[in-house]
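Shared chain: subunit A. Partners: subunit B in the first complex, subunit C in the second.
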Partner chain A sequence: MSLFLIAALPFLGAILPALLIRAGRNASSSAAGAVSLLAFIGLLLNAPAVLRGEVVTAKLTWLPGIGLNANFMLDGLGLLFAGLILGIGLLIILYARFYLSREDPMGQFYTYLLLFQGAMVGIVLSDNILLLLIFWELTSLSSFLLIGYWKHLPEGRQGARMALAVTGSGGLAMIAGMLILGNIVGSYDLSVILQNKALIQSSPYYVPALILILIGCFTKSAQFPFHFWLPHAMAAPTPVSAYLHSATMVKAGLFLMARMWPVLAGTEIWFYIVATTGLVTMLLGAIIANFKDDLKGLLAFSTVSHLGLITMLLGIGTPIAAMAAIFHIINHATFKAALFMSAGIVDHETHTRDIKRLGGLRHLMPITFTIATIASLSMAGIPPFNGFLSKEMMLEETTHTLWANSHYLLPVIAVLAAVFSAGYSFRYIAHVFLGPKRSDYPATPHDPGPGLWLSPAFLVVLVVLIGLFPNAIVGPLVESATAAVVNDAHPPHFHAKLWHGFTPALYMSMAAIAGGLLVLYAHARLERGWLAARRPEAKQIFDSLMGAATRTSRVITDTLHDGALTRYAAIFVLFSLSLAGYAYFSGTTVTPARGTTDASALPILAWVCLVGATLCVVFFHRNRLLSLVVMGIIGLIVSLSFNYLSAPDLALTQISVEVVTIILLLLALNFMPQETPVESTTGRRFRDAVLAIGGGVGVAGLAYAIMTSNSVFPTISEFHLANSYKGGGGTNVVNVILVDFRGFDTFGEIIVLGIAAIIIYAITEAILSSRVRARLLNRKPTFPQAGDAHPLMMVVATRVMMPIALMVAAYIFFRGHNMPGGGFVAGLIAAIAVIMQYMASGFGWATERQRLPYHGIIGSGVLIAAMTGMGAWFNGMPFLTSAFGYIHLEPLEEFEWATAALFDLGVFLAVVGAVMLALESLARYAWQPGIASEHPMDINPERDDALDELQES
Partner chain B sequence: MEILVATAVGVLTASGIYLVLRQRTFPVIVGISLLSYAVNVFLFATGRLVINAPPILNKYEDVPYTDPLPQALVLTAIVISFGMTAVIVMIALSSYLTNRDDRIDMIDDAGEDA
Partner chain C sequence: MEQYFDILIAFFLVVAGLFGFVGSFGLIKLNDQMSRLHAPTKATTLGVGGVLIASILHSAVSEHHLSLHELLITLFLFLTAPITANFIAKVHVHRHQTPETLPPAGEDSTWATFMTEDKDDES
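Take a look at the complex of A and B:
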């Protein structure tokens, strides 16, 4: 199966559980399971090739300009991790089906889980670090959803936020580090980067890149001092904890360290940062875990400790240590997932996770006891389980490693950590399952159904089998993964066995087990000391840091963003003016190379009207109705100017838009205050005037400069003029540009127009269903109303006008391709024809006769335009390529057919629908009971006569 | 001629900016409309001013044409600015109807629930 498909399957399948939850919880979980299983099988199909030493790749160039390619590769390391992610994912899906209660939205859970799974698979299969970063951030986001799944629990929400803050900010650091790395090498492809060890390590940017990448890894893998988020993430449902914190999320950091190992490891700074951090984390996590009473808290800190162990092994930097790390990753995933699930079972059955309230469960829950015991012993490093093997390999490695020239530091601390590690593992068994049976469990414990214990049982079987036959079961996988980590086709031979003879590691193991028993024995005393000691509480520190950051950002935001929109607008104008001023004074001035056009009396008259009207709008803007009336003059002059300056299409469009805009504003003004009160101070008005005049002078100067000089570059207009008839079949170049050359733009614009109309409709719906409606219904009109709302003359006139106006619209539409006109103008004219009916005969009358919903008209317009565009595909041409031809029927003039006309029809319909929907929505505000008369005309002599006759007879 | 168009655009812009800086919604809407006129004419003017040369191809004789491209841009801009005006009118109207206040600054008492 293609790697693309493996990576995409969880994402594609994520929708299924959410949909299928309507068919029941089994359908939902089966869908999630089927998706994971399919991806898992796809992965296994690739496994033989990978184990033979090949690297499976899938390449897709995505944005080559910035080096972002959707390249995937599968080598041993990727196979190991993807196998863990998908395999354990399957077990978790089964487990979660029986763990989650009826109240939990299960569809959501599986959707989040699959999203997370997809992101994780994406990380481990990426062959491009930019792609990897995208998946990396996706894991942070999807794990946020999973950790906060129980939205009703404050701990869940806080834990999710903390995890997101820590891993997300670590991710940001890593983005920076990866970009530096990519710049050093000159490629973002992992396979290229991994071949350039010398180049990277000799670069002066090696250290910053390393530190930034490590911050990303350490935050994700909960290394000290970023470890604190992991225990708080335990507020998540147990399946999530088992998945995220045993096999996936926290292993992502380890994966990346392993992935980058060939080029980043092997230096002193790598060793001291990574190995030391791992060592400290391992010890600290192990100690704290002993004093956690929450089952999952104990496991969380034990996870921190084991992650530290693996980090330390990767930090040591030798191939053998890397192999031990890989082996321990497998082992830890198996026993820790089983332990988390067993903790979940205990919680599920006894309704508590508090160790102090548990004990003596071995007879009540024998199956769970067996599972938990085997897994715990493996975690403690007891033979013959798999944890023993990798822990012994780790101990062995520490004896060969010098830390600051000391032979003893590393082994001693490692043994110390192993002591505490054995201690909490024993405690998990002893304090939960052993001891006397109690009578005060919150619920009567008993073993759950197989749905819950099958998954962990399967994992402990693996624990035992790997412990007994390590070389047969995981040998090839470990070797192949190690080969990928050390970037060497011939890695050290994997040869794990239970009995090595009397080696230092064996003595260290024995010391650890003995020490662990001692820790368990002395637990009560140690705990008293621990509780008495003053310890820094990570959550408090985190909360106070976050609180300080929030306060600071709030102060900054409140200062800059005080809610005064006028101030923002003023700052915006001032800033634009400053930029323009800077450009003006730093640039060179071009002398006007183009002559000016002489102005006759007509343009001067128009100018006087326009400027006069504009100034009137400003001076009388407090009288809103008056300012609207004067604005009509401006629109009229602008359209006449367009016509005068060789733009007939613009003139037509402007004048029709003018009509609908003014009607719209008048309708709105009906509900608003008629006057604008004087509010601003003189100083403020002066400031605004200065800004306005500054802006006006700047724009005027710029316009003048453009108009009097020639283009710096040759324009592309010549192309349009030359090809309009030949290529587009029309002589009206503006229309051909709209429906043909730039058809895609036009297509976008009618969609925008449709969206605008639908927004208006939605706002209207929202307002009319709120309490505002009552106020509107009881509104008293501002002005005295006309006695005759629908005057006879007007009704008759508009009825007569209707077909004529529609005829004009049709005429304008059809001539559009060759003469001024087209879909936009025709649409506006048709809309005006309909609006006239609304105005004359009333809203109720018109709505009754308007049988097509305007939404539908908008939609059909967009669809017709889209289908016309797609028609070109059948012709083997790109979207929106038009076709045309000429038809000559004898007595008639030759006429043209063009698919562009069909496209223009779409434009026409969208414009009609949008304009009408907007105005109709606004008109609905005016509806009051009793205003809709029964008849179109309030006074109708014919009706009166008929009534009279009726009465007489 | 150029000076006429340039100054007209300047006056429209200045008036538009002044009205946009007012504190009630309605003058701001009128101001935005004026700015739309200014911007449309400005864009149109980048095609330079030519009289009696509409970009309608003449099949029979060779005549000059003005630049059609800015016209096509402005044509859609005019229609879109209608859509934009309609949307802000509705937003302003619904805000006024809900809060019984058409001030646009959200500083004082209206601030919290506005």
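Take a look at the complex of A and C:
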């Protein structure tokens, strides 16, 4: 099966459980299981080739410009991890089916699980580090959903947030590290990077890249000091914990260290950072685990400890150590998943995870007891289970490694960690299952049905089998994976056996087991000491750090974004001014190359009006209606100037926009006081005046400089002028730019316009469904209302105007391609034609006669524009390539057709819909009972006459 | 021949200017709002009409093509000017007058602008 399909299957299949949950919980879980199984079979089909030493690849050039290719590869390491992810995933899916209760939304669970699974498989199969980063972030996001699956539990939400914050910020560091690495090599393809060890390690950027990547790995794999998120993530349902913390999420960091091992490992700094971190984590996790009373908390810290062990092995940097790490990854996945699941069973049956309330379960739950005991003994490193083999290998390796020139430091600390590790493993058996039977369990414990114990049972069978026949079962896989880690076709030969003879490792193992029993024996005394000691609490530190970060960002945000539009404008103007000032003072100035033209009387008159009107706004802006009228004057003069300066398109657009805007503002004024109260201080007004004058002077100076100097480089308008008719088939360059040259911009803009209108609608809906509605309904108008709200003359005139206005809109629309006009202006004019009816005949009357919903008009506009654009694909051209031609029908003159007109139709519809939806939404605020009339006019002589006649007869 | 047309065009322009001036002058000069309304709406409509006729003549005679866009402008003007005047008058009556200060409304009970209370009786 193609690697693309293996990586894509979980994502594609993620939709199935969510849909099939309506067919029942079995259908949902079966779908998830089938998807995983299919991907697993696909993986196994590739296994023989990989075990022969080949590397299976699948390549797809995606964004070559930035080096991002969808390249996948499958080597021994990828096979091992993908096998763990998909295989244990299958067991988890089975287990979760029986673990989740009726109240839990199971469809959601499996969807999140498959998304997570897909992201993990993507990480281990990626052959491109950018692609890997994408999957890496996806695991952070999907694990957030999984950990916070029980949304009603505050621990679940906090744990999920903490996991996301820690692993997500680690991911950010890793992005930086990976980009540095890619820059050193000059390629983002892993297969290329892995061949360049010398180049990378001699680069001055090696250390920063290494540290950044390691931060990413350590956060993901819960290494000290980032280990604290893992125990808090235990608030998740047990299947999630079992999956995330045994085989997948936390192993992602280990995977990446193993993946990058050939190029990053082998240096002093690698050894001291990675091995030391691993060692500290291993010891710390093992100690803390002994004092956790929560079953899952104990397992969480034991996971932290084992991850530290593997990290340390990878840090040692020799091929044998890497092999031990790989072997322990397999072993840890098997026994830890089984342990989590057994903890889940205990929780499920006794309704508690508190070790202090458990004990004596061996008689009540014999199956669970057997499973948990075998897995625990393997974790403690007792022969003949698989944990013993890899722990022995680890201890053996530590004796060959010098840490700071000391032969003893590493082995001693490793044995110490092993002592505590054996201690908590024994405690898991002794304090939960052994001891006297109790009478105060929260629920009557008994063994669950096979659905719950089958998965862990299968895993402990593996634990035993791998322990007995390691070479036969996992030998080839471990060798193949090690070959990939050390990037050498002939890795050291794997031969693990239970009896090595009397080696140092055996003595160390025996010491660890004896020490473990001692720790268990002295547990009560040690615990008293532990509880009395002052320890830093990671969650409090994390919370205070997060709180400080939140407060800081809130202060910054609140200072910049306090909701006052004047402040935004002030910041914007100030920023632009400083940029412009910097450019002006640091750059060279252009000398004027063109003379000025003489001003004729008309522009001077317009200028005087414009300045006068602007000053009026400044002085009378507190009277809202007056300032609106003056703004109308400004808009008109601007439109006239556009027309005077040969920009008829702009003039047309400007004047239609002015009309619509003024109507919108008038509607809004209806709900506002007549006068704006004085709220600003003199100082603030002075500040605003300085900023405004500065901005105005700056813009004027810029305009003067541009108009009096020659362009430094050839402008794009020459290209537009030259190609408008040849390439776009239109003589109106402005329109051709809108619908053809920059059609994609326009496409985006109509979508934004539609979104804006729908947001106005949504806000209206939200406000009108709140208590504000009652106030609006009982609102007393400021002035007495006129009786004749819809006078006859106005109604009749607008009726007459409507077809004329629509005809003008059609005219403007069709001439748009060659003459001033186009879909945008036409849309505004058509909207005005309809608005006139609303204004003249009343909102209620007009709404009843409006049968097309405005949302639909917006949507159809966007769709028509999109489909026109996609039409180009059928001709093998890129999106939005326009085509045109000429048609000659006999009685008519020759005329042009262009696909751009269809696109323009989309613009037209979107504009009509957006403007109308916005106006309609605002108008709805004004609705009060009794204002809607069934007649368009309040007074109609004809109606009165008819009434009189009726009364007479 | 052409100069007669020129004279005609000039005549219309002069008439237009005169009416325009009278309209604007009236707007300043007349005392109360209702009278003032007459000046721009009536006189200025005529004034603009004169310019439009002159424009049609000019394009037909001097540029040898018949332009009828002006008729559309006339149409819009005839539609909008009365309504504007009507609305200004209505607002004035509504805000500055009471039924007592106005002449009797004839067969109707009162002026339409004030008719808010008895709306229900009407139907």
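Observations, loosely collected:
Everything below uses one rule, namely that the second predicted complex is superposed on the first by the 846 of 953 C-alpha atoms of A that agree within 3 Å, B and C clash if a C-alpha of one lies under 4 Å from a C-alpha of the other, contacts with A are read in each partner's own complex, and residues count from 1 in each chain.
Assume a contact is a pair of C-beta atoms (placed from the backbone, for glycine too) under 8 Å apart; a residue touches a chain by one contact, two chains touch by 3 or more.
Here the structure is a predicted model, which means the values were calculated and not measured.
When subunit A is checked against subunit B and against subunit C, the one touching more of its residues turns out to be B. By the touch criterion defined above, A:783 lies against subunit C but remains apart from subunit B after alignment on the C-alpha atoms of chain A.
Of the two partner chains, neither subunit B nor subunit C is touched by A:409.
Looking at the shared chain after the overlay, A:15 reaches neither subunit B nor subunit C.
When the two structures are aligned on the shared chain, A:518 is found in touch with neither subunit B nor subunit C.
Within the superposed three-chain model, A:708 lies in touch with subunit B and out of touch with subunit C [touch as defined at top]. Touch criterion not met for A:37: it reaches neither subunit B nor subunit C. Using the contact criterion defined above for the overlaid structures, shared-chain residue A:791 touches subunit C, although it does not reach subunit B. In the superposition on chain A, the residues of subunit A contacted by subunit B and by subunit C do not overlap at all. Taken in their complex, subunit C has these residues touching subunit A: 75, 79-80, 82-83, 86-87, 90, 94-95, 112-116, 119.
Residues of subunit B that touch subunit A in their complex: 1-27, 29-30, 33-34, 37-38, 40-42, 44-59, 65-69, 71-72, 74-76, 78-87, 89-94, 96-98, 102, 104-107, 111. Residue ranges on subunit A touching subunit B, taken from their complex, read 562-567, 569-570, 573, 594, 596-599, 603-604, 607, 610-611, 614-615, 617-618, 621, 624, 627-628, 631, 634-635, 638, 641-642, 644-650, 653-654, 657, 660-661, 664-665, 668-669, 671-673, 676-677, 679-680, 688-689, 691-693, 695-697, 699-704, 706-708, 715-717, 720-721, 724-725, 731-734, 737-738, 742, 745-746, 749, 752-753, 756-757, 759-760, 763-764, 766-767, 770, 772, 775-776, 818-820, 824, 828, 911, 914-915, 918, 921-922, 925. Touching subunit C in their complex are the following residues of subunit A: 783-788, 791, 793-794, 797, 800-801, 804, 938-939.
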